[in-house]
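In the two complexes below, subunit A is the common chain; its partner is subunit B in one and subunit C in the other.
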Partner chain A sequence: MRASLRRILAIGSKEFIHIRRDPRILILVLVVPLVELLLFAYAISFNVTDVPTVVLDGDKTQTSREFITNFEASDFFKVTSHIDSLSDIDDAFVASEAGVAVVVKPGFSRALDRGEQGQVAVFIDGSSPNTAQFAQAYSTALTNKLGAEVTVEYMQRSGVDPTQAGGIDSYLRTWYNPERRSADFLVPGLIVVIIMIVTVQQTAVTLVREREQGTFEQLTVSPMRRGELMLGKITPWVAIGVIDMIAIAALGVWLFDVPMRGDVFTFLLAIFLFVLCCLAIGLIVSARASSLESANIAALLIAFLPAFMLSNFVFPLYSLPAVLQWISYLFPARYMVAIARSVMLKGAGMEVLWPQVLALGVYAAVSLTIATLMYARRA
Partner chain B sequence: MSLSRIRLLMWKEFLQLKRDRLLLPLLLIMPLLYLVMFGYVVGVDINNIPTAIVDQDRTPASRALGEAFTTSGFFDVTEYPPDEQSIQPLMDGNRIQAALLIPPGFERSLERGDRVVVTMIVDGTDSKTASVASSYTQQIVLDANQTMLQEMGLSSNAIGIDSHIRVLYNPSLRNVNAMIPALGAFIFMMIIMAIMSQAVVRERERGTLEQMFVTPITRTEYLLGKITPYLILASIQVTFVLVLGMVWFDVPFYGNVLVIGTGLLLFAFSAIGLALAISMVSKTRQQAQQTLMFILLPTMVLSGFIFPIESMPDPVVPLTYLIPLRYIIIVLRDNWMKGAGFDILWPEMLALAGFSVVFFVLALARFHKRLTD
Partner chain C sequence: MTDPVDSSGYVVSTPTTQTAPENTCAIEACGISHLFGHDVIAVDEVNLTVDEGEIFGLIGPDGAGKSTLIRMLATVLAPTVGDATIFGDSVATNPAPVREIVGYMSQSFGLYPDLSVLENMEFFARLRGVPSDEIYERIDRLLGFANLLEFMDRRAEHLSGGMKQKLSLAVTLLHEPQLLLLDEPTTGVDPVARREFWRIIAGLHRQGITVFVATPYMDEAERCTRVAFMDGGRMRLIDTPENIKASVPPELIGSDEDRPSMEAAFAYVTRMIAEEEASERAEAAEQVAVEGEES
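Entry: the complex of A and B
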C-alpha cells in the first residue's frame, strides 16, 4: 500500500515537472478560464433594446403621429428613419439597417373617429429569430394596449362602461433572481463549462504523448500498476482543476455579485468529484486516441459539445428531443450545472442535491475504472 | 513555383491523414455532431417548460384557464400540488420552472364582473426561460380575456386598432433557419483551424521541417501544399453540412451560391492565415491547441453565432468587429435568408479579405524568422 502510494506520487511529481517545464500551458490553464468568465458574463445577454425601426406614416395626421410616438417612447424600438414607400422596407431589411417597420395606413384617424378600425401593419425581419420574437411580442402588446385605450375611449363616448366586464390580471413573481440578471444565470453554468473544456483537454493528450515519445514502453516495464499510473497522471490536474474552479467561482461572486447562498461543503465536494470525472473522460480519450491531433479533436468534441449544449447551461434541456435528453445523462456536466446553480442561487445543500452528488461520485468511479481497463487492453 | 512539388507535398499530407486511424473518421463525424447539436439544441425554440398548476378554485372556469396553459404547448404541466407551500420544494429540486397559482373564488369573481389576479411564479435562476415564460403567460391571459369579452358580446373587432404583424423572411420564427447558414461557416473554421494550427508545429516538433527546407521547395509551395488538401476536405464537408441541414431541418434558401461561395473562400483564407499564425508562434502542439481554444471561445461568443450581437452591452460590441466569423455569418445569413447581394455585402467581404492579408503577412513573417534562427 505504501509502495503503491509512493509510485502514485512519483508519477504525480513527474507530471508536475512536465507542467512546470512548459509554463505557457500553466498560464493558459490558469488565466484563460478567468478571461473566459469575464468575456462570457459580460457579453452574453438576452435582453434586446433599441431595435432599429423605420416608420411609414401613410396617414400623416395628429392621431397617426401620436400612435407612432408610442413606438418612439418605448425602450425596445428605436426609430431611425421615416420612409415613404413600402419598397423602402425591403431595402432597409435586406441591408440590415432596420429590424422592424411600422406602417400606418392612410385613413387611420378618419376610421378611428368614425368608430371603425384603424389599420396599421408591423413588419419584422425574421432573420434574427431572437430579436424577432421579442419584436413580435412587444409590438403585439403595444398595439393591443393602444387599441384597448381607443376602444375604452370610444365606449365611454357612447355611454358603455367597459369596466363592467370582469377579467383576469396576471401577476408575475420571479424567485431566486428577481431582477433576472444574466450573470446570476450564466456564472454557475460557466464554471462548469470552462473547467470541463480545460481539464478534459489536458489528460486527453497525456498518454498519447507518452506513446509518441516512446516513454510508454519504459512505463510498462516499471513495477507501476495501471491504476497507479492513472491516479498519478491525474493528481496534479485534480489540484489545478479544483483551484481553477474555486477561483472562477470566487471571481463570479466577487465581481458579478452572484450570490453564494448554499452549502459550500457540498459545492466543494461536487467540484472535486466533477474534476475527477472530467479527467477520467480525458484518460479514456487518451487510451483510444491514435495521435495527438485526434486526441485533441476528440477531446474538443467530447468536452465542449455536451458541456455547452447538453448541460442546461444556456439551452434548456426540457425543450430538447427525448433522445438528446437521455444522452445528456451520460455526461457529468448536467449534474454539476444543477449543483452549481442550486447551491449558489437557491441555497440548496446536500439534502436536496444528494442525487446529483451521488451521480457524480458513481460517474467518477466508473469512468476511472473504464479508463484503466481500456488502457490495460491497449498495453 | 513547381506544380509537381506542390502535388507531392499534398500527397504526403493525404498519406499522413490516412495513416492516422482516428483522425479522418473524427473529422467526418465532427460536422454531423455539430449539425445535430446546433440544429436541435441551439436552434430549439423554448417550449415544454416544466410547470405546476395550483388550482385552489377547482371550478369549470379555473380548469379552463389551466387547460389553456396545458394545451398551449409552451408549458408542460407535470405537477398539481395542493397549495402554495408545496411549490418551493419542487422548484428547489429543479422539478419545475414555473408555477401558476389560481386563487379560491376565481370563478365567482369573474361572474360578478370583478378583476381577479392569478399569479405566475417563475424560476429566475434561468433568466431566459423566466422571460419567455412570463411573455407566454401574458399572451395566454390576454387571449382568455379576449374570449370572455367576446362571450359577453363586446366584440373587439368592431373598433380599435387592427394591427397586422408580419414577420418577413422567416415567418415561423424558427431559430434553426438562422442557425444552419451560420453553422456552415463555423464548421469550416473548426476543421481548418483544428488541423492547420497543428500542421507546421508537428513538423517542427519532429524535426521534419528542417528536412523540408534542405529540399528545393520554396515557402509558398510548402504552404500551398499544406493548405490545399485540408481546404478541399473542409469545402466538401461544409457543402455536405449545408445541404444536409437544409434538407433535414427544412430550411428555405433564398440566396445565391456565388455570393456564399465567395464569402466562404475569403473567410477560409482568414481562418487558414490565423491557424498558420498560431502554428508559427507555438513551440509544441499542446501549446497550439491551447492557443486555439483560447481563440475559439471568444469567437463563438462574440461572433453573433449563438448569442445575438444586438443583445450585447455597448462596451462589448466593438470587440465583435475583431472576429472574422462575425462578417461571414452576416454574409451567409443575409444572403441565405434575404437574398442580399454583393452590392450590400461588400463591406463584410472587404473586411474578410483584410483579415486574410493581415494574418498571412503575420504568419509569413514569423515563418521567415523561424527559418533563419
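Entry: the complex of A and C
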C-alpha cells in the first residue's frame, strides 16, 4: 500500500516537472481558458439591440410619423434610413444593411380616422434566426400596443368607457435571471465547456507520449501497476483543472456579475469529480490512439462536440431528438452544466443536485477503470 | 586489470551473487515463440540456456527477432507459445520477481528528454522502490560509475548519444539487477563512447552480473563468452567466439592473418547455414516429387 502510494507520487511529481518544463502547456491551460471565457462571454450575446431598420412611410401623415417614432424610440430597433420603394427593402436585406423593414401603407391615417384597420407591414430578415425571432416578438408587441392605443382612443371618441371592457391580464415574471442577461446564462456553461476541452486534451497525449518516447517499456518492467500509472498521471491535472475551473468561475462572478447563490461546497465537489471524468476520458483516448496527432484530434472531437452540443449549454436538451438526448448521458458535461447553473443561478445545493453529483462520481470511477483496462490490454 | 571502472567502486550485487547457488541458469528458454498478428512469426521456438556470469551476445540481421526475444525475456511482451525462466522464475506466468532481478535497456532511448539526468534517476529509483535513504547514495555511485556526475543537471535531451546510453544503463542498474538485457545498446554511438560503454559492461560482468546483449557489431560479439546467431526468428548457432572462428576452414583464411576475424567467421557461418537450408529445401522438394510419382 505504501509502496503503491510512493509510486503514484513518483509519477505525479514527474508529470509536474513535464508541465513546468513546457511553457506551451502552461499557457494552454492557464491563459487560454481565461481568454476563451472573455471572448465567448463578450462575443456570444443573445441579447439583441440596435437592429438596423429601414422605414418606408407610404402615408406621410402625422399619424404615420407618430407610428414610426415609436420604432425609433425603441432600443431594439435602430432606424438607419428612410426608403421610397419596396424594391429598396430587397437591396437593404441583400446588402445586410437592415434586418427589419417597416412599411406603412398609403391611407393608414385615413383608415384609422374612419375606424378601420390601419395597414402596416413588417419584413424581417430570417437568415439569422435569433435576431428574426426577437424582431418578430418586438414588432408584434409594439404594433399590438399601438393598436390598443388606437382602440382606446376610438372608444373614447365614441363615448365608450374603455375600462368597462373585460380582458385578460397576464403577469409574467422571469425567475433566476430576471433581466435575461446572456452572461448569466452563458458563463456557468462556458466554465464546463472550456475545462472539458483543456483537460481531455492533456491526458489524451500523455500515455501516447510515453509510448513514443520509449519510456513506456521502462515503466512496464518496473513494479508499477497500471492503475498506479493512471492515478499518478492525473494527479497534477486534477489540481490544475480544479484551480482552472475555480478561476474561471470566479472571473465570471467578478467580471460578468454572474451570481453565486448556491452551495459552494457542492459546486467544488462537482468540479473535482467533473475534472476527474474529463481526465479519464483523455486517458481512454490515450490508451487507444496510435499517435500524438490522432490523440489530439480525437480528444478535441470528444471534448468539444458533446460539451458544446449535448450539454444543454446553448441548445436545450429537450428540443433535441431522443437519440441525441440518450447520447448526452454518456458525456459528463450535461451533469456539470446542470450543477453549475443550478448552484450559481438558482441557489441549489446537494439536497437537489445529489443525483447529478452522484452521476459524476460514478462516471469518474467507471471511466478510470475502463482507461486502465484498455491500456492494459493494448500493451 | 587496470580498468578504470574498477576504481569507481561499483559494488552492486556482490551479496546476491554470493548467496546464489553455483551453476544456476540465468536464462532458460524453452520453445519460446512470439507471433505478431496471425502470420508473422517474430520468434520461432527458441531454446536457449545462459549460465550465470556469462556475457551472452545475440547477433543477426534486422528483423531476425532479436528485439522481440529480449522483450519477452524482459516481460515486456508475453510469449505466444513456450516460456522462459529467469533465475527460475517464469516470464509468462510469474513476471513480478523477474522484473526485480532483470535490468532491461530497450533499443530506443527510454528516458524522459525534458527531465535532467538527476530527475530521470530519481524518478526511476522511486518507481523501483529504492529505499529513500539509499536513493542518493546509489544515484551518486551509478552516475560516478558512468562518468555522468558533472552532467547531473543537464536535461537528458541535451546529452550526446554515448552519454544517453550510459544514462540508460545507469537507470537500469538502479534496482541492482542480476541480469542485464541490453538491446543494441551501442547502436548509433561513436567508437570511443562504444569502447567506454563496453568497459562498463566488463566491470559489471566482473562483479558477477550476467549480461545478455544484442549487437550488430562483430567486435562486440567477440567480447562475449558465447554468441548466438539468430535469423528468421530461429537460433541458427550458439557457440563461443573461439569455436566459431575455428570452424572456418584454414584455406579460407587470408594469408596475412593467423586467424579469421569475427566478421569473416560469421560471413562464412551464415553462408554455410544458407547452403544447408537450400539443400534441405531441395531435398524436401525432391521428396514431394517422388511421393507424387508414387501415388
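Following the convention adopted for this analysis, the second predicted complex is superposed on the first by the 373 of 379 C-alpha atoms of A that agree within 3 Å, B and C clash if a C-alpha of one lies under 4 Å from a C-alpha of the other, contacts with A are read in each partner's own complex, and residues count from 1 in each chain.
Just so we're on the same page, contacts are C-beta pairs under 8 Å (C-beta built on N, C-alpha and C of every residue); 3 or more make two chains touch, one makes a residue touch a chain.
All of these numbers come straight from a predicted model, not from anything done at the bench.
K.L.:
Following the superposition defined at the top, how do subunit B and subunit C come out on subunit A, clash or fit?
P.N.:
Aligned on subunit A, subunit B and subunit C fit with no clash.
K.L.:
With both structures placed on chain A, which of the two partners, subunit B or subunit C, ends up touching more residues of subunit A?
P.N.:
Counted on subunit A, the partner with more touching residues turns out to be B.
K.L.:
Quick check on the superposed pair: does A:22 touch subunit B, subunit C, both, or neither? Answer first, second, both or neither.
P.N.:
Touch partners of A:22: subunit B and subunit C.
K.L.:
According to the stated criteria, A:43 is in contact with first (subunit B), second (subunit C), both, or neither; which is it?
P.N.:
First partner only, subunit B.
K.L.:
After lining up the shared chain so the two structures overlap, which partner does A:14 touch, if you call subunit B first and subunit C second: first, second, both or neither?
P.N.:
Second partner only.
K.L.:
Report for A:95: first if it touches subunit B alone, second if subunit C alone, otherwise both or neither.
P.N.:
first
K.L.:
Applying the touch criterion given at the start, work out whether A:346 contacts subunit B, subunit C, both or neither, answering first, second, both or neither.
P.N.:
A:346 contacts subunit B only, not subunit C.
K.L.:
Least CA distance subunit B-subunit C after superposition, rounded to whole Å?
P.N.:
Between subunit B and subunit C, the minimum C-alpha distance equals 12 Å.
K.L.:
Residue by residue on subunit A, keep only those touching subunit B in one complex and subunit C in the other, then list them.
P.N.:
22
K.L.:
Under the definition above, what is the set of subunit B residues touching subunit A in their complex?
P.N.:
The contact residues of subunit B facing subunit A are 20-23, 26-27, 29-30, 33-34, 36-37, 40-42, 44-50, 65, 76, 91-94, 97, 109-131, 134-135, 137-139, 141-142, 144-145, 148-149, 152, 154, 156-171, 173-175, 177-178, 194-195, 198, 202, 283-287, 289-291, 293-294, 297-298, 301-302, 306-308, 310-313, 315-316, 319, 330, 333-334, 337-340, 344.
K.L.:
Considering only the defined contacts, which subunit A positions touch subunit B in the complex?
P.N.:
So the residues of subunit A in touch with subunit B come to 22, 24-25, 28-29, 32, 35-36, 39-40, 42-48, 51, 67, 93-96, 99, 112, 115-133, 136-137, 139-141, 143-144, 146-148, 150-151, 154, 162, 164-182, 184-185, 197, 201, 205, 209, 288-294, 296-298, 300-301, 305, 309-310, 312, 314-316, 318-321, 324, 338, 341-342, 345-346, 348, 352.
K.L.:
In the complex, go through subunit C and note every residue touching subunit A.
P.N.:
So the residues of subunit C touching subunit A come out as 71, 74-76, 96, 99-100, 102, 104, 106, 108-115, 119, 123-124, 126-129, 171.
K.L.:
State the interface residues of subunit A toward subunit C in the complex, per the touch definition above.
P.N.:
These residues of subunit A touch subunit C: 3, 6-7, 9-11, 13-14, 17-18, 21-22, 213-215, 217-224.
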